[in-house]
Amino acid sequence: MLNERIILAGFGGQGIMLMGQLLTQAGMNEEKEVSWLPSYGPEMRGGTANCDVMISDKPIASPIISADATCAIVMNLPSMVKFVPEVEPGGVVLVNSSLIEETVERTDVKVYYIPCNDIANDLGNMKIANMVMLGAYIEIRRSLDPESVLQALESKLGMTKASLMDINRQAFAKGAEAAKLQM
Amino acid sequence: MLNERIILAGFGGQGIMLMGQLLTQAGMNEEKEVSWLPSYGPEMRGGTANCDVMISDKPIASPIISADATCAIVMNLPSMVKFVPEVEPGGVVLVNSSLIEETVERTDVKVYYIPCNDIANDLGNMKIANMVMLGAYIEIRRSLDPESVLQALESKLGMTKASLMDINRQAFAKGAEAAKLQM
Amino acid sequence: MSKVLMKGNEAIGAAAIAAGCKYFFGYPITPQSELPEYMSARLPKIGGVYLQAESEVAAINMVYGAAGTGKRVMTSSSSPGIALKQEGISYIAGAELPCVIVNMVRGGPGLGSIQPAQSDYNQATRGGGDGDYKLLVYAPGNIQEMVDLVQLAFDKADYYRNPVMILGDGMMGQMMEPVEFKEMPKMDLPAKDWATTGTQEKRKPNVINSLYLAAEELEQHNIHLQTKYQEMIDKEIMFEEYNMEGAELVIVAYGTTARISKAAVDLLQAQGIHVGLIRPITVWPFPYQAIKDLPESAKNILCVEMSMGQMIDDVRIGNEGQRPIHFVGRSGGMIPTPQLVIDKVKEILNGGK
Amino acid sequence: MSKVLMKGNEAIGAAAIAAGCKYFFGYPITPQSELPEYMSARLPKIGGVYLQAESEVAAINMVYGAAGTGKRVMTSSSSPGIALKQEGISYIAGAELPCVIVNMVRGGPGLGSIQPAQSDYNQATRGGGDGDYKLLVYAPGNIQEMVDLVQLAFDKADYYRNPVMILGDGMMGQMMEPVEFKEMPKMDLPAKDWATTGTQEKRKPNVINSLYLAAEELEQHNIHLQTKYQEMIDKEIMFEEYNMEGAELVIVAYGTTARISKAAVDLLQAQGIHVGLIRPITVWPFPYQAIKDLPESAKNILCVEMSMGQMIDDVRIGNEGQRPIHFVGRSGGMIPTPQLVIDKVKEILNGGK
Amino acid sequence: MAVVFQKTKGLTDVETHYCPGCTHGIIHRLVGEVMEELGILGKSIGVAPVGCSVLAYNYFNCDMSEAAHGRAPAVATGIKRILPDNVVFTYQGDGDLASIGTAEIVHAAHRSENITTIFVNNAIYGMTGGQMAPTTLIGQRTTTSPYGRDAATTGMPIKMSEMLAQVPGATFVERVAVNSPANVRKAKRAIKKAFEIQLEGKGFAIVEVLSTCPTNWGMNPVKALRWLEDNLMVYYPLGNFRDYQEVENA
Amino acid sequence: MAVVFQKTKGLTDVETHYCPGCTHGIIHRLVGEVMEELGILGKSIGVAPVGCSVLAYNYFNCDMSEAAHGRAPAVATGIKRILPDNVVFTYQGDGDLASIGTAEIVHAAHRSENITTIFVNNAIYGMTGGQMAPTTLIGQRTTTSPYGRDAATTGMPIKMSEMLAQVPGATFVERVAVNSPANVRKAKRAIKKAFEIQLEGKGFAIVEVLSTCPTNWGMNPVKALRWLEDNLMVYYPLGNFRDYQEVENA
Amino acid sequence: MAKGTVTFKQDLCKGCGLCVSVCPTNILAMDDKAINRKGYHPATVVDPDNCIGCANCAMMCPDLVITVERN
Amino acid sequence: MAKGTVTFKQDLCKGCGLCVSVCPTNILAMDDKAINRKGYHPATVVDPDNCIGCANCAMMCPDLVITVERN
């Protein structure tokens, strides 16, 4: 039974909220129970941003993750420090190794290191580091159909930005590849 | 045992509030328990004014008169209509017969008709009609020493208006006389 | 209609529009600003009015004027902003005007924090305006229910000619969930022949007013209002019971903490501990009877709140001294975890305080 | 000191001055305007400040600033004006500033009337500001007690660093009674080293504030506040019991209605009917225990209020279902008579509802 | 015989509660006459303030809303935004408009709400028994300035018309007085213009009317008119402070 | 080597939470420098608003009070009336001062409270995420004017300095900007004057500072300065609107 | 001079005297003898023939007491 | 030309670039390589010798990063 509880965290501007919303939207499209809960507040300003995403077969009682995340996606160092402890034993951590040199010390979680910014840079657009990470995440967790996520992105981009779909697909695929190498 | 509950009522401008305060002050000076409660509100504006005065040997539980006045002092017609029913059987009504042509219909109360304005006019000052009435009231009810009331007025008038004391004394005395004629 | 993923604040706006509300007067405040923002984008497109007032005081008084025209109108704010609206709310209730007021509660007192809280329960259920008035207060448990209740709220407001409050919190305002906008059953509502729309010189002037200089008249007015409130008590109480039969302990919680408590109830059940949940959906009128009539099996009551325990008074009133009442909660913007609730339940069942 | 005849509103002002309060910020409203008027005449003569603010909102925020300097400061208003002050009161409580707030209640809701009422009980005891805060609320029964409590209020405000409310009504504000200004015992009060008076560059800046952006900190602050409120519950409850022993029915009433009820109790006693009276002097904290511990003989409780029955909730909480609770009252500015109370008592004793 | 003057249909037959000689009555009449003459009684909605004119809702012969103290412009905004084809006006005293309701009137002007405001400045809080207003003159004794208003502690009286004329959205701002028949006639013209501006959809119009309060000024009505002339009209000069053309060309 | 510029003692060592390039930081510094130079840090009491500068109470190196949204002038009044020998100032944003706090600032000016107000006008609600302010320019997109501010429905932006200059009690009113080193220096002179006026007991002084909000304007800090110059400074002309002498001779 | 006729609904009069103070021909006065149902001495026309129908009185009357007609 | 010395407390820098934009001698630049503890590319002095000590940079810095000295 699916009961995925994901924390996504990073710098403001890294597209963290969007990542979470895409997973949530994709989950909804797959008729799963979902929720998305952002952190908010002025301390976010140019600072860190994070959100909790639930994807489940059962109605979601509480949208808040409290030390029971099944997965943490950390896009920068402060986020890693703050949120890795929130993952339950046996859970998964995805680290953006482009920006985080440190490694995760916990041994009771499975950790993947994805050089998101490097891959995005190689593709020529730093802004799609988040899609790289999403590709990796889906490859690892298989909580959702990859196409659902991409479709969610497509409808988010809408007509005007449809041209960006291509590069995002590539980023997604590259992320998946990078993950596969570590699986 | 003294337990005097007086309603004083009339036009705004007739000095109704002052009459009540003088009785209250005099009662206090005689170490009685007293209270004074005015009606207030915009409807008073140029309209009617009334207050409830309690003078008692026992602590006053409620400062409001509700159909249990021992005495009503009515200085104009609307006040008579409104407040005579508030007097308990056996009580007393003092009517300013200068302004009120009508007579009180109730037979279970004792009524005195004092031509306050006429007497005041004769003394050359319409404003002291209220003191005429107070003189009559004290003569009839004897709830307080007349001197206490006059002293209360004296301290109210203060140094600057002390010269008015004389004519007020006269008014007070004339009121008492007028009352005596009907007793 | 199919489901859409929406932020709570935006879902409220969409629900209001679905309920025929085209007029919104508000003032920005975290964590509800997405609601006015949503309205500012949508309403001009459908011939409605979004107006950012100069303050919450002005906003609630604009609502007073607008509601007086008989149209459906909404305002929203968060805790200190709702505090500023108290006089206006009292006027609206006194003048018997229908409207919907949203409070996405944040931590207090004072400026407090901008994180979710439930510490305006007293404000919502007892009011801070003057006089004997009541709001019908809905405390939705999730965004779907919020959407449904917002629509219901407009009908009830019109039916009772009374302000109705949606009592949410920052979390419900900020989170996204799938929601569905259902076709609501049409209620039979009285004509608004009291509205100020101009006499056309064809009828006597209508007057919107809460002043009754003669105390006798104001008393009559209060008795009339009280009759309405009694009707609400008789007809409008809503609550959910969950896992109640045979529960050895019953949790009372509303809104976000009810949601969290439900998770705790399930987890406890999985551990073989039978706990029930009463979730008031209307916090005024409060489901006193439900508290009074708890199953025999229930030996303890546990209130779970994001406040220092404001709902306890109501639970005490319903309980009438029958069972010990316990409390667990967080405040100031902290959100309790299911684990906190579980731990407290176990402590109580093990005889702790 | 000897007795003087004073209007309630003026007596409050004189009492405040006697308590060392030289600063008053207010706004006119019937039936309390004699208090600011009195202050405007007195304070300039003793080196104090009377300031008529542009509104009640401004007045309460001036009080916030003024109280922050550590001086004794007062404001007053009546019902709708107090509604406007709710945000400010919540800030003052949140920032832990001492001050005294007077409410001479009038009929509501909304503009209501200007006649006496007790329909701001909920507002006073549960607050309409946001968050978990409490005021210490004194409800004097006559002008002498009002004078004494005003003086006590300043001490308690300083001791707890919390706003204290004097809950009167239009009748108490307008009536005259003899009062005596007694020398009050000096309380040992903590130094106000938190006040904003300028650092003189000799200490770290002091900050008056109710914002705690970190929810954890705001929670701690709330826990701290709650400790204070618990101390008030433990130490500050005041009530009067009258004619209680062997009473077959107990009246619960405060302020003006307690006074009226006392007259009724005496009159009933004269008729051989034994009725007791519990008069809460603090309405927050409320004397729940006194209600709980009524004498065995008392089979019924009767609440008498100039409202639609706002205090009943508290009586229910104290009563814990032990005895039927009845209500009689007037509202909207009407004042109950002793006879009304007597009739109700007889009706109850004769088995009526 | 031609009727030169008779009671307007713009007012109901309810007798006002105003004190003898209080010029609130004159100003009511002018507003009523203007509404009648413009034929807008059937579509007008008035907003009464809290102040002596609180009961205006009983006197104007059109739909009325009674606003909280100072909030009439907000209430009017709520009405007008929903019913742009109706005529909406506020009638406010100086305590109401220049003190507690300052933000509301400034922002009605700021948004150039298409409403008309009649601002009755009698330099005192009439209804509550004669407390100081922001418009009370220096030296004037009131119940809360018992030693006479003192500039050092309470500032110089605020000039609302001058101030509001600086708000870009204020289309029409004029100060008039009702101290003499001639000025009453002028006052009516200004009030009419202020309604016409609304009818033309040109935005916010306000007429400040210097008025008396014989009761709280402590003088008889005739003397009160003289006091108004000799004192209020000196500090508060009559005249237009902003007109439509000006706004057009700005 | 002479130190030409170093951190003022008027500010604490707490790093601000302001976004990169937000000119709130510059304005803080100027106020801190002025307090230091006038030697009044030990007797100053600042009042912080609700807005991005809410945490100003952590930054100014003097006693501070955090006011409710818009009420800083009332809070400052309460303080100053009790401590007339201290220096009291408010620091307020445009949402705070020109919207919800309109009545409070107008009446602080009206009473000529002897306080100093620093009014940071960035034409937007910064803290709450970029909603429209009364000072938002026509056409400017904000989260509550998503199609650009429209004069027809929201009026023309309010000019607070011009308006306040009409209040008799306003002793000193000046508008400055912090878009360039030269203007920053001018801004400092105005702020200094506004404090000096208080020290001389002359009454209410306000300095409006045109400021940026790169985050909510959606541009980088350098571009934001240009936008300020090209737009804000055009609609809101810099200059003095009221000075002490003027008041003296009035 | 035009000829006018003024009619006073005396029961509405509050005795303020404003009409009297503005009549250019001084034909109005307070009736110290009469007291109307409101309790005031009402204004009255002493010399109706000299009314010029200028409506000054009506212009100043706060209580809608006066009607003015003119030939 | 006067000679000046500027010192940047780079850890305080938020990388806004305002200083760079106002330096009359164009000797300041953002350091795209470095990331300070706040996570920003800080401003840096590229050509210290040409500093004239005008303090323009300090005047515009919102974050008190800069100290300026002059001979």
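Each chain carries a letter (A, B, C, D, E, F, G and H) given by its place in the written order, and its residues are counted from 1.
Throughout what follows, a contact is a pair of C-beta atoms (placed from the backbone, for glycine too) under 8 Å apart; a residue touches a chain by one contact, two chains touch by 3 or more.
These numbers were taken from a predicted model, which means no experiment stands behind them.
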item: Target subunit G, source subunit C, minimum contact steps; value: 2
item: Chain separated most widely from subunit C, comparing mean CA positions; value: G
item: Selected pair, greater C-beta contact count between C-E and A-C; value: C-E
item: CA centroid of subunit A to CA centroid of subunit D, Å; value: 55
item: Euclidean distance of C-alpha centroids - subunit D vs subunit F, Å; value: 39
item: For subunit E paired with subunit H, centre-to-centre distance based on mean C-alpha positions, whole Å; value: 58
item: Residue list for subunit H, restricted to those that touch at least two other chains; value: 14
item: Overlap residues in subunit D, where contacts from two or more other chains coincide; value: 30, 51, 54-55, 57, 80, 87, 91, 95, 110-111, 113-115, 209-211, 213
item: Contacts with two or more other chains, residues of subunit A listed in rising order; value: 41-43, 46
item: Of subunit E, residues touching subunit C in the complex; value: 12, 41-45, 47, 54-55, 57-58, 60-68, 71, 74-79, 81-83, 86, 103-104, 106-107, 110
item: Residues of subunit C touching subunit A in the complex; value: 3, 5, 30-31, 113-115, 170-171, 174-178, 259-260, 262-263, 266, 335, 337-339
item: Complex contacts: residues of subunit F adjacent to subunit C; value: 50, 54, 66, 68-70, 95, 99-100, 102, 125, 127-129, 131-132, 134, 143-147, 153-154
item: Subunit A to subunit C touching residues, read off their complex; value: 21, 24-25, 28, 34-38, 40-42, 60-64, 66-67
item: Complex contacts: residues of subunit G adjacent to subunit E; value: 4-5, 12, 14-18, 20-22, 40, 53-56, 58-64, 66-71
